[in-house]
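Presented sequentially are two complexes of chain A, the first with chain B as partner and the second with chain C.
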Partner chain A sequence: MMTRALLLLVFAVPVLQDDKVAPLVKELESTELRRVYHAVADLAALGEAALPSVEAAAREAKGRTREYLTLAAEEIRSAQATGIVPPKRISLKAADRNVVELLNDLRAKTGVALSLENLQGEEKLPDAAVDIKDCTMLEAFDAICHAGNVTVTMENGQFMLYQGDYQDLPRFFYSQYFFRLGNYVLMKTATFRKPAVQSFKIQMEMLWDPAAAPCRFSPPVVVEAVDDRGKNLLIPPAKKKDVKTPPDPEDEDGQEAMSFLELQPPTPGAQKIAVLRGFAPISLPKTKATVSFSEPPRKEGGPDEGHASFEGQIRKVGDFTVKISKVEAAMFRIGVEISSTKMKPDEIARLPFLAGVALKGGDLGRTYVSLWSMKDDVAELMVSFQPLHLKEPLIRLNEDRPAPPPVIEKLDLSIVTAVQERRIPFEFRDLKIK
Partner chain B sequence: MTILTAVLLALQADPPSPPQDARVAAYVQQLRDDATRDRARDRLIHIGKSVLPALEKSEADPALLASIRQEIALNETLSSSYGPPHTFTFDGTEEGLGVLLSRLESEARMPLQKNSLDLGQKIPLKLEDATFWESLDELCKKAGIFYWPGTDPIYLNGGNASLKPRAYYGPVMLVVDRMIQQRLVTFDRINSEFLIRVMCVWEKSISPMGPTGRYKLLRVLDDTGASLLPEAAPAAAAKPVMPMRLAGQTIDLAGLRPPSPDARKLTVVEGTLELEFPARIDEVRIEIQVDMAPATKELEGATVEVRSFSPQSTWGAAADVQIRFADPKEAANFRIGASDTEFRGVGDPKQGWIGSTIRVPEKNAYNVTVHWRNPGRQQENPKEIRLRIPRGSVIKNVPFCYRDMELK
Partner chain C sequence: MRSIVLVLLLLGGLGALRGHSQEDARVAELLSKLDDDSIDARSAAAVALIDLGRPVLPALQRAAGPAGVELKDRIQEVIRKIHERERLAALLPAPSRITIDARNLPVREVFEKVARQTTTAIDFSNVPEDLRVTVKLDRVPLWKAIEQICRASGQIMMDLETDHVVISPEPYAALPSKRTDLFCVTLEKVELSTELVFGQQERYERFSADVHVAWEKGAKPFHVSARLTELVDEHGNELVIAGEDSEAAVLSTVAPDQIYRDFLLESTRGPGPSATKLSRLKIEVEFEFPLKYAEVRIDLTGGKFPAGAGCPEFDAKITRMDRIEGALSASLVIVPHAVLEDEITSESVVLRDKNGKEYPVSVNEGSPAGENETPYQLNFPTAPENVEFTTLIIKVPTEVHRERLEVELKDLDLR
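Moving on to the complex of A and B:
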């Protein structure tokens, strides 16, 4: 009886997965891009159990459907390695709340680290009407910002919000990632040495949920680009520049998410780009060595040493020794020295780092880790942070006094020791170019 | 030995130039011809005010005469910062490339770095009263040499001579580096623009502060007859002030209308651009020694302070200089170049090189580190630094005219 039940279970699981996979595969043929990529994300969310079915479907499929299925299979494998949970989809409907209240709701529903500080002025914000159904956090976030006319930028891996000037740019959402096109430039240059050279570049920016922050980027790859006259805009491989040069760590200033897609100039009479499709390769942390520093409990009646008690603290993890060299809370930064028994400072400097700063009162800081200097045997990093004020009231009194320096309670620093590559797809249709 | 040197110098000397009166008379005559007028005007202006009596006696167009007189008067006010171009005459006799280049280099004092050139090849060069830049370009064309102006020294490399259009004006040359047609779509608007990037260079015998970035375009036409000048063009904005005086600078003639889709070339691009010169030069000499106490020299409206002079290992030493001004505008516009610095006291006077410059707006000051390079180890340090402090500003408009520039 027991054996029969087990056999039934073993054979039933693929059948059950096939039941879930088949309708999603059908969705991949939709003409609505949003439905296609939601289907890819849903396939990926089925997890490891669905992998054989997805791979089998990929083998049988053709053209774009096959590519979407291959991507879904990659996503399942990648999720196993990184532990990043696929985003849940949410719905939100409101007509009588302002943008700050709506974004605060979004924070509560999704846990996204958003600072609303820039939007908290004394002026009364108008109500923004939204009706969002079955959206990822980023889709909902963008819809709220659109309704409330709020500009979103990404600085040092964190969202920055500014009142006004929302630009309705072509955009594409996938999972925890969001692409938007800034502009395109058609340029013809005569240098008198050879025939005039024409170039066509589209500026594309990638934004992401900080919970799925990439630790490295590679230039985006366009796999399909066709104008409405049918001209293939892909640059032949022979003309492409070598993009395999490893990035210089000193150039990594948080701007890698902005890139230019280089294409062939469209046909002179073309009105739009019919399809622009590709992927942005990123690296996500796979394994990391993490150390935590926290303020030691103050002795009863003892003096308040401020952040001096942090300075000089040393933690060891694996081959690494991490020391806090200085804390400059008023300047929102913490200096950290890292040495290794197996790696030289320049090798350490090339590793990606992640940091989390907890502040007094339970607030979090948006953090950014940069290489500060390299000495004989240590790489010195600077952890910059900015309080997110997640727990502050939604309306702030207009005060001229500068806020007191934040009180740091805890610093978590992770040294990323291995990464998982992931291809984040993007696809745009019918981009007007005239 | 002395006799031999004299003979060699005599052999290398210019063929005898026509007497100045004859030169002036010839140029005055050439003013009447469209094909030769611009060059003749240029030469007469740069010969200077001695041409005015002959010009006034001629039947030259009064407007042209007035413009020449005005420009000669302006040049006179620029004193040592501006002067005539070095001119060269070659009679077409074949000479070695090395000899020809050396002549240009030594007479115009324009250092040339000759990279892998066949200096022995014989070149017949025939030029009359050509400026340094005209002569160098003609020689490069004949010998197959490529160079990019604006470096000091100028690097000469074997290859195809540059085909970039050039305009010559006295000691100045304006090279069209490129023409860029750009269409920018921001998904809510489209901007189409055409720009012409011009490199402005000059002989070392003159010392402008550099182009201001402002210019006036009189005519820009393509071969379909369309004008590229916008109807209501805003005045070109001044370029940000450079941190130091350079050997050359680019200027973008921007905001033009794109040429017609069928156009194959620009038939004419004509205008003037502003080149800024100091109104005067104040010279300062300050004694220096290692570990010296700061030393200052007062000038009218400015103080020059050598704050330190320190050896930099065995290769040289560096002087930290601060120049403070009474007028904040002068401080904001001030810059100095390597040719404004000189070290003395060890061997021949030696030009310094600029290591870094920093503006200190809160003190109306300009900090500059001037390096002295030790020509050999264990030599004495220099005893004195001489600085040329450019003061004030005079704008000179440099004319240019390019024809038939290919767009394709």
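Moving on to the complex of A and C:
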């Protein structure tokens, strides 16, 4: 009796999964890109149990649908490795509400680290109306910024918000990632030695939820690009050269993941790029060795050493020894030396690092880690940080009083020892080029 | 009428050039054009007279007497430039003159002969051993000689590295260029682009020209700058207009062995990537050569600081000299008494030890100093410990000759 029940269960699971997979596969054929990629995300969210059904559907599908299913299968396989939870979709409806309040609501609903300090200027931001349904956090975030004319940039892996100048650029959302296209350049180069060549480049920027921050980027890959006259804009493999060096994630500019998509020039007279589709390969931390430093409790009646008490602290994790060499709070930076029993300094320097700085009052810092120097047996890193002021009330700060230097309470430093590769898709349709 | 009178006067005064009737007529013509209504004609005549040099000085001096105020000024300017150029010629080496009579000789052998007739280093190791050429050159300046050999071969091209010329195996193509006895200006590349932001109407048409400016070794300028002075598209539209301000790309310091510099000359008005031709592109290159220096020598013996010295043009003071992480460094303060032609660069400073050995320096801006004081940070990376340094010499140009080279390129094919 029990065996029969078990058998029923074993056969029932794929059937149940098929029931969930089939309608989502149907969604992949939608002409509405948002529905397509929500379906990809929903397929991925079904998890390992749905993998056989998704793979089977991929084998039977053709063209783009097959590629969407392949991507969903890939997402399922990589999800467990990173521990990054797929984003929940939210709805938000408001009429005539202040943008700062709307963003604060979004912050409360999703837990996203958004600093609103730049929006608390002299001029009151306009009230905005939004009606957001079944959106990822980034879609909702962008919709609020659009409605309230707030510009979003990404600096050191954190969002920066500025009043005004929102640009309605072509944008694409997938999971915790967001692509937007900036400018495009058609160029002719004449060297007088060989026939002149023409090139066509589109600038694309990638932004992300800080909770799913990549630790490395590779140049985006375009898999389909066609203009409205039917010309294939992909550069044939033989012509491809000067492959762009992956932006260094430790480089401040590289954090913005700005890149140029190189294509063949569109047909003269073409009005649109009908399809522009591809993916951005990124690496996410899979395993990491983390050490924490916190200010030791002050002895009763003892002197306040300030940040000096951090300096010289040593932590060991795995093969690594991490020492705080200097703390320059007024300059928002902490020097850290890392050595290893198995790795040379130049090998250590090539590893990705993540840092988190907690400031007095429980506030977080916007941090980035850069290589400072390499000595005989240590790699010295500089952890730079800026207070996010997440806990500030929604009122304007008193600028007449200079802010005191931040008080560091805790530093978490992670050495990423293994990464999970992931392909983040992007797709644009009907891009006007005239 | 005034011009005719002037020409007659000048012809009468060209006794020094008698016997060279063609040259007399040429000089007279140029002198009359020096008073032309057209700026271009006046400017071309001045350049041609300067090029004729010392032999026309007596005629110029005679012509200056009866000339009106404006013409007299122009003639005197030409005289001044001829003198300046003569002083420069004394400072610069004579240009290489290449003489070769090669009949079906290996190209490598031909360049070996060239290399023996110039101090400018030439690397021809990439030229195939079996490549041959027939070429005859009689006292041809270096840059023209190299071009003629490349053209005769049809299978090699000249490229430039920081301190030497490279001959590379590559099908010959005549690059737009201008070559003089000592200098060579080549247009290597132009880029025409249209940039748009998605969803916006503004178009940005940009133009850039990659220009290589080379000089023979020994004719190293102190400064060199280049400027785009005219750009006309195939429909006759003047995109960059002669006489309008365009920003010059300036090379502030030239390394001792450097023989070339590339400049990226840009304009925010371009003909767009669909252009197939440029009707006219004019580039102005200016070379600066110091004719006179002001110099001070600071005595370092005894190692007491501050130590200083002065000359009529400026005072110099070393406020400290010590080692930072092993490397010798010093703080220098300059107090000018007159306008100096340049700031202090690595070429301006010489550190000498008691045996007369000199050590290179890198110069950076120093911490802010007092009013009218210019601070510098000097670093001597190779100055060893346990050596007695005796003198720090600082020299700054006080008189500079500016040699202008106008390059006019027409009907450039962009296909």
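Note that the second predicted complex is superposed on the first by the 416 of 434 C-alpha atoms of A that agree within 3 Å, B and C clash if a C-alpha of one lies under 4 Å from a C-alpha of the other, contacts with A are read in each partner's own complex, and residues count from 1 in each chain.
Everything below uses one rule, namely that a residue touches a chain if its C-beta (ideal position, glycine included) is under 8 Å from a C-beta of that chain, and two chains touch if they have at least 3 such contacts.
Predicted model only: the values in this text are computed from it and were never measured.
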Return fit or clash for chain B versus chain C, each positioned on chain A through the superposition. clash
If we overlay the two complexes on their shared chain A, which of chain B and chain C does A:Phe192 touch? Say first, second, both or neither. both
Examine A:Leu181 and indicate which partner it touches, taking first as chain B and second as chain C; both and neither are also allowed. both
Chain B and chain C footprints on chain A meet at residues 167-170, 181-193, 195-196, 268, 432-433
Using the touch definition from the top, list the residues of chain A that touch chain B in their complex. 167-170, 181-193, 195-196, 268, 432-434
Chain C residues touching chain A in their complex are 157, 170-171, 173-176, 187-199, 273-275, 412-415
Per the touch rule, the chain A residues reaching chain C in their complex are 167-170, 181-196, 198, 265, 268, 431-433
Touch list for chain B against partner chain A, complex: 160, 162-165, 176-188, 190, 261, 405-408
